[in-house]
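Here's the structure, in structure tokens; my notes come after.
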Amino acid sequence: MNEITLLLQCDDLIRQALREDITNEDVSTNAVMPRSQLGQVQLICKQDGIIAGLSVFARTFHLLDASTQVSFACQDGDLVKRGQVMATITGDVRVLLSGERVALNYLQRMSGIATYTRDMVHILEGSRTTLLDTRKTTPNNRIFEKYAVKVGGGSNHRYNLSDGVMLKDNHIAAAGGIKDAVAMARAYAPFVRKIEVETETLDQVKEAVEAGADIIMLDNMSIKQMEKAMIIIDGKAQTECSGNVTRENLKRLADLGVDFVSSGALTHSAPILDISMKNLEIISNRSI
Amino acid sequence: MNEITLLLQCDDLIRQALREDITNEDVSTNAVMPRSQLGQVQLICKQDGIIAGLSVFARTFHLLDASTQVSFACQDGDLVKRGQVMATITGDVRVLLSGERVALNYLQRMSGIATYTRDMVHILEGSRTTLLDTRKTTPNNRIFEKYAVKVGGGSNHRYNLSDGVMLKDNHIAAAGGIKDAVAMARAYAPFVRKIEVETETLDQVKEAVEAGADIIMLDNMSIKQMEKAMIIIDGKAQTECSGNVTRENLKRLADLGVDFVSSGALTHSAPILDISMKNLEIISNRSI
Amino acid sequence: MNEITLLLQCDDLIRQALREDITNEDVSTNAVMPRSQLGQVQLICKQDGIIAGLSVFARTFHLLDASTQVSFACQDGDLVKRGQVMATITGDVRVLLSGERVALNYLQRMSGIATYTRDMVHILEGSRTTLLDTRKTTPNNRIFEKYAVKVGGGSNHRYNLSDGVMLKDNHIAAAGGIKDAVAMARAYAPFVRKIEVETETLDQVKEAVEAGADIIMLDNMSIKQMEKAMIIIDGKAQTECSGNVTRENLKRLADLGVDFVSSGALTHSAPILDISMKNLEIISNRSI
Amino acid sequence: MNEITLLLQCDDLIRQALREDITNEDVSTNAVMPRSQLGQVQLICKQDGIIAGLSVFARTFHLLDASTQVSFACQDGDLVKRGQVMATITGDVRVLLSGERVALNYLQRMSGIATYTRDMVHILEGSRTTLLDTRKTTPNNRIFEKYAVKVGGGSNHRYNLSDGVMLKDNHIAAAGGIKDAVAMARAYAPFVRKIEVETETLDQVKEAVEAGADIIMLDNMSIKQMEKAMIIIDGKAQTECSGNVTRENLKRLADLGVDFVSSGALTHSAPILDISMKNLEIISNRSI
Amino acid sequence: MNEITLLLQCDDLIRQALREDITNEDVSTNAVMPRSQLGQVQLICKQDGIIAGLSVFARTFHLLDASTQVSFACQDGDLVKRGQVMATITGDVRVLLSGERVALNYLQRMSGIATYTRDMVHILEGSRTTLLDTRKTTPNNRIFEKYAVKVGGGSNHRYNLSDGVMLKDNHIAAAGGIKDAVAMARAYAPFVRKIEVETETLDQVKEAVEAGADIIMLDNMSIKQMEKAMIIIDGKAQTECSGNVTRENLKRLADLGVDFVSSGALTHSAPILDISMKNLEIISNRSI
Amino acid sequence: MNEITLLLQCDDLIRQALREDITNEDVSTNAVMPRSQLGQVQLICKQDGIIAGLSVFARTFHLLDASTQVSFACQDGDLVKRGQVMATITGDVRVLLSGERVALNYLQRMSGIATYTRDMVHILEGSRTTLLDTRKTTPNNRIFEKYAVKVGGGSNHRYNLSDGVMLKDNHIAAAGGIKDAVAMARAYAPFVRKIEVETETLDQVKEAVEAGADIIMLDNMSIKQMEKAMIIIDGKAQTECSGNVTRENLKRLADLGVDFVSSGALTHSAPILDISMKNLEIISNRSI
């Protein structure tokens, strides 16, 4: 993850997470370790998968103590195996203990998303279809989750409501039809944004093509409908297929030749990848 | 969820999530709806499960516009069924559209956790064992996730590192043994906190009992080992069983008679419950 | 300005500005007015121009006291004349006095930008060219300044570095050429964003067309060069002309048939529109 | 600018401005520069003027990456000439690109104010009159703008409503006359503050003198009136002249012998000084 | 306390104090009161003294629930007697319980300061000397403590380092003498600020007079020295006496005819005034 | 004080206190010291007592300038004597001057609390009774004040409403009796928390014992009553005595054999310990 992004977007969130876990002090650690001691601990993979979020993991410790050393034996996007030592962390034992849970909570979640995404991307291999995420992310974790999707080989849809135009049924109704909605959006939105229209029927697809939509989303359509939609669109707009995308039907969606398939499950339902910090050793009893 | 908790702990997080989704403006909505219109939309369940987080859902809209009306047909903890209309939301259509995603992201996640927890709790019915969550929560979502566990029928372990004492192997090593660690914790920590000791062997269990631990955690032990541990402890401390708790082995853990079983999966790997906002209607074209 | 935008993006900035002006208390007002009194004051135009930011003006008082009444006799975008009473504000006199400066600082600045923009837009009338702003805004005032440009009849370029792709010479150099830069951007950036390439020579224009850039910026070119560039581009990309745009040369740029002309001066060098609050009257001596 | 002021007052504002420009990431830069590269760029003056804000310019880059080297060839207050290389900035190219706009937005604005102020101050040379700024600053930029006025040779009036007492017509009306208003202010305000009274007629001037005002402001008076006012005051209070101060009438105001002339235009209507970052070179392709 | 001051300066501090006391939830209250109930409680004085901070007390509850009713039977500055019912608070019982401690912590502290100040002010009655506070306040409580001093009849010295000029020995040494220090301060500081010089010897007093200091502080001098200093100053500057001001020596200081005596003890060592909330009654079992 | 606690909990509060004292700049210092100079100053004890908060004192300067050197000649908990040089601080003179007041405000207050606590603890020597603090702390200073109590030899009660259960009369009334209240608390609160019940009569003490309370507080009882209460409790719960604890009656409370005595005065009414920074010397005139 880019240093500037970490600094401007992530640091405050990580610090906030640390304060969520330590509201006044880490009582257990402070009770038995009144002074700092130099220690080392290993980051161990407990399940095969794709690792993502190593810089966030390291940052958590650096935010607690800039002198903490994190030495990685892998990098984001690598396939890691159960039992593999992925990193060694060296520093004040109290920092290692107090930061452990937050650092792992981020790393496990991001790696879970990357692993699940990679699985889905494999199914699309050989096709022209790109896998997209959605805005169905965990609140206040979007920056981490969208990055994890990329590490897993997926691509990002718009980041949020401000940086992309997507006209849904309600927008269209309010504008009085697809044509008017697209025109209003083109007049209002910064011209650097493409206009996407969500469609549920073939009539809407036609209208969207005529209105000059840049992207047409086929929402919750049957395979049959989508085939017809693709013929109507015929390359005049980019196409995105959305709704109940599963491991099972993903291949068939790709066969339709749509440009994009988007899946909320990448970020909202991927189970975590099991990772732990183990084998802590005291290197030196001297205060550091 | 309690009003004071919403106000002091949740509001800032929800607002932050809204700003994550709207960094300058909701371009699509503002393009086609230059003025407010009174509208109504339904909250529909798309999957059977336990609903949790309705007050957070409503709060999201109230934070955008205090005059939004949310009328619920169910309450937290109810079993909801696919197709069920759970609520009607009435207000400025722009508020309904701009707040939808964040409101649903919270509600879906919290309900997913409650649903998964209820499943696990059912297995424990009839036993004396209580199901606990852990600190393996999504960063900056703990207040929501721990609440959802309760709605699902589970109980909460300590909230964070500040409000509970848990002595792990590293704390024990630093203190020079379980006895000393417990003594140091009792001297240091506010006396209102119970002292929990994490054990991995029967020798450690014995030591913990002798040290006067209030709670003894049996971590990653075999059923056999735990049986022996329970005999050693013999009611002199509360007991918690932790590590790789699954639907499959949960019944056997309960049969051991442990007081508590804790599971990280409740909060880190429960898939969401599918919920959507549908059937938006414009009630009045007049500005409100 | 949209209520949601005010609430999520502006309120904190306005409150911050109020705290910039009142670090502990408004000493003068508190010294002579120990109690609240109901008063009324007029908002008077002191210079002809386009008014912009009335909702921000009102919001400043509402943030100090929600019961303040602001009754407007004009709306954003109106041409206002010297001497015209644009609004009457009724409320606690202390609120009127303490909020006056911040409210006017916003309104004068936004109206100055709208007035300057309208001037420039008039010159473009009849042409197919749209006037754009830039990212050369006053720090922590972008949301207000870009809105004022729109009120003045201009359009907004990308909001910031996150929601638009603009490949400048350095990006191109880093990527090893325009073709590679465009390809990398298309692979990396969310697909909803158009790719703009900044060009300074006709060779670069050609490359940009071949690379499939969505928008080509002609930066600091002579009229002659731009004429040739337009021929090369020939409708295959949108065109933006940038650099030293003045009242004097704007007409000639429009004559070239470029789609967009962007000008930093709209936001960084427009003088304010002179506006003041006058004729304060005490309506009632009773505390409110 | 003082390091402590930068740290306590400016850093948060600069970081906020950076986040205004980068809400999730600098897409263009990250797309083509996945790794850091050491680069160098020049800060070039494009217009003659007074430079102000160099420490703010440098701070912007340091806040993104503390290892960035900024080497200046001039200092705040210097007259800089078109084409002059004012600084060289060396660091991670991504930092140079991502911070450029915010750093320049501050520097251009502050230098514009300093340049305009110096112009006005020149007119006052040889007189006993000091040029003052006002509270008509851009919201959330006062710390920068008041500093720029000083660099330009002007002086600062009170910083805000909390640190100076200025009794205007409304304060006086509320108190029941100038005498009472001054007495109330003296009783209420910390004694370290001088009491200033705003007057619009010669009667008010007399009253203010009698009330023992420390400073008397002559607001929007004609030259004739001010001459008489100066005779009435006769050194018994400091004098400030305010309202529609222009290059044209400034000399005549000074000839009156007033102590201070205040001008809002210094901060609200000075055009920026044109400055750019140019000639970026990659020094090393190796990651730094 | 002024509404605007409460809103701009106090609300965030009070909310922060509430979050200091409730990091996730009020466990005791939520355990036994799952629903709101309307209740009433009395604010009882347990010690004679001067009450100060009633608006802060009420605000604490209003910030938790705007519908809470606080009905006062006294006002800031009143002498209250042991056993006196000072207010009745009516609202959701959970709000009354959860806000009690923070509300009282403010009220007790502010009333303690007002009570102690009033005591000292009484000693000065009949003299021309005014009692001042200092910057020796409790961190992040200055706005409350300086207000309490005023309620007790004292006056405020400068609010902080930004709004008053005080030249101490180190400033004088750095400038090269009192004369230069005063000249530099006059040139640098906004002209609305008076210049105060701290002196420890009679020579310094002479220099300060000659330098034209507005205020001369006699720091830690003997009564004898101060008598001579007063003769030297002879009305040419205001005089402030500081250092180890006690109930015992205060009268003698006043007899010297100094304008001001400042005492840090007012804010840093006044014991609290004992106050409690008692006699809570449930008015209605119905949810509100 | 632990580094992690300083970083996560204290730094923001200290910075906030610095901004309370410097809202725009330290005018006096900046007027006479336009450039940095290396200086040194001593921290001198002016009153015998227990020192507490040295790391907070040092942190204040480090937050202003990380290169400041603070060399201590004592440590928290030491008995310090009038006139003793406790530390030498070396750094930019402007940092030493601008940070002095805030650093001392913390140190004096914390040392005052530690000194007062040590006094009280001495009285308990030889008894089995532990001295506790309460939640009667100064708003937004709890982390500092509770630490100071520990330095003085006292122990901490629960940190806040979230991390301890205390059932008072109102909770009991709401639940319908002590038995039900304890049962509800045990069902609701995380099991790691002990349940404390506040009692005012012997009947309540009996009920609390029967309900299985972990801790029983004897609130405002007479010595006689407490003697009887201790017999009723008979070791079945821990005991805490509270209410009007003074130097005079503390010994008698200890003689009762209660486990804990809690006193609000430790944090709300301890006078400060007088400490000052003196003997500032300029070491080098060169800028640093």
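So that you can tell them apart, the chains are marked A, B, C, D, E and F in the order they are listed, and the count of residues begins at 1 in each.
In this section, a contact is a pair of C-beta atoms (placed from the backbone, for glycine too) under 8 Å apart; a residue touches a chain by one contact, two chains touch by 3 or more.
Everything quoted here is computed from the prediction, not taken from an experiment.
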With residue numbers as the basis of comparison, which of the pairs E-F, B-E or A-B duplicates the interface of A-D in over half of its contact pairs?
B-E
For the copies chain B and chain E, the interface residues, called same if over half of the numbers are used by both and different if under half, are different
Rounded Å distance, chain B centre to chain C centre (Cα mean):
44
Please compute the C-alpha centroid of chain C, do the same for chain D, then give the distance between them in whole Å.
21
What is the distance, in whole Å, between the centres of chain B and chain D, each centre taken as the mean of its C-alpha atoms?
51
Where chain F touches two or more other chains, by residue
22-26, 30, 98, 159, 162-165, 190, 193
Touching residues on chain B, where the partner in the complex is chain F
130, 132, 155-159, 162-165, 190-194, 196, 215, 238, 259-260
Which residues, counting only chain A, touch chain F once they are in their complex?
15, 18-19, 22-26, 30, 36, 64-65, 92, 94-95, 98
Spell out the residues on chain F that touch chain E in their complex, using ranges where they run on.
13-14, 16-17, 20-33, 37, 39, 93, 97-98, 101-102, 104-106, 108-109, 112, 135-142, 160-175, 181, 184-185, 187-190, 193, 265, 268-269, 271-272, 280, 282
Touching residues of chain D toward chain F in the complex: what are they?
2-5, 7-9, 143, 159, 162-163
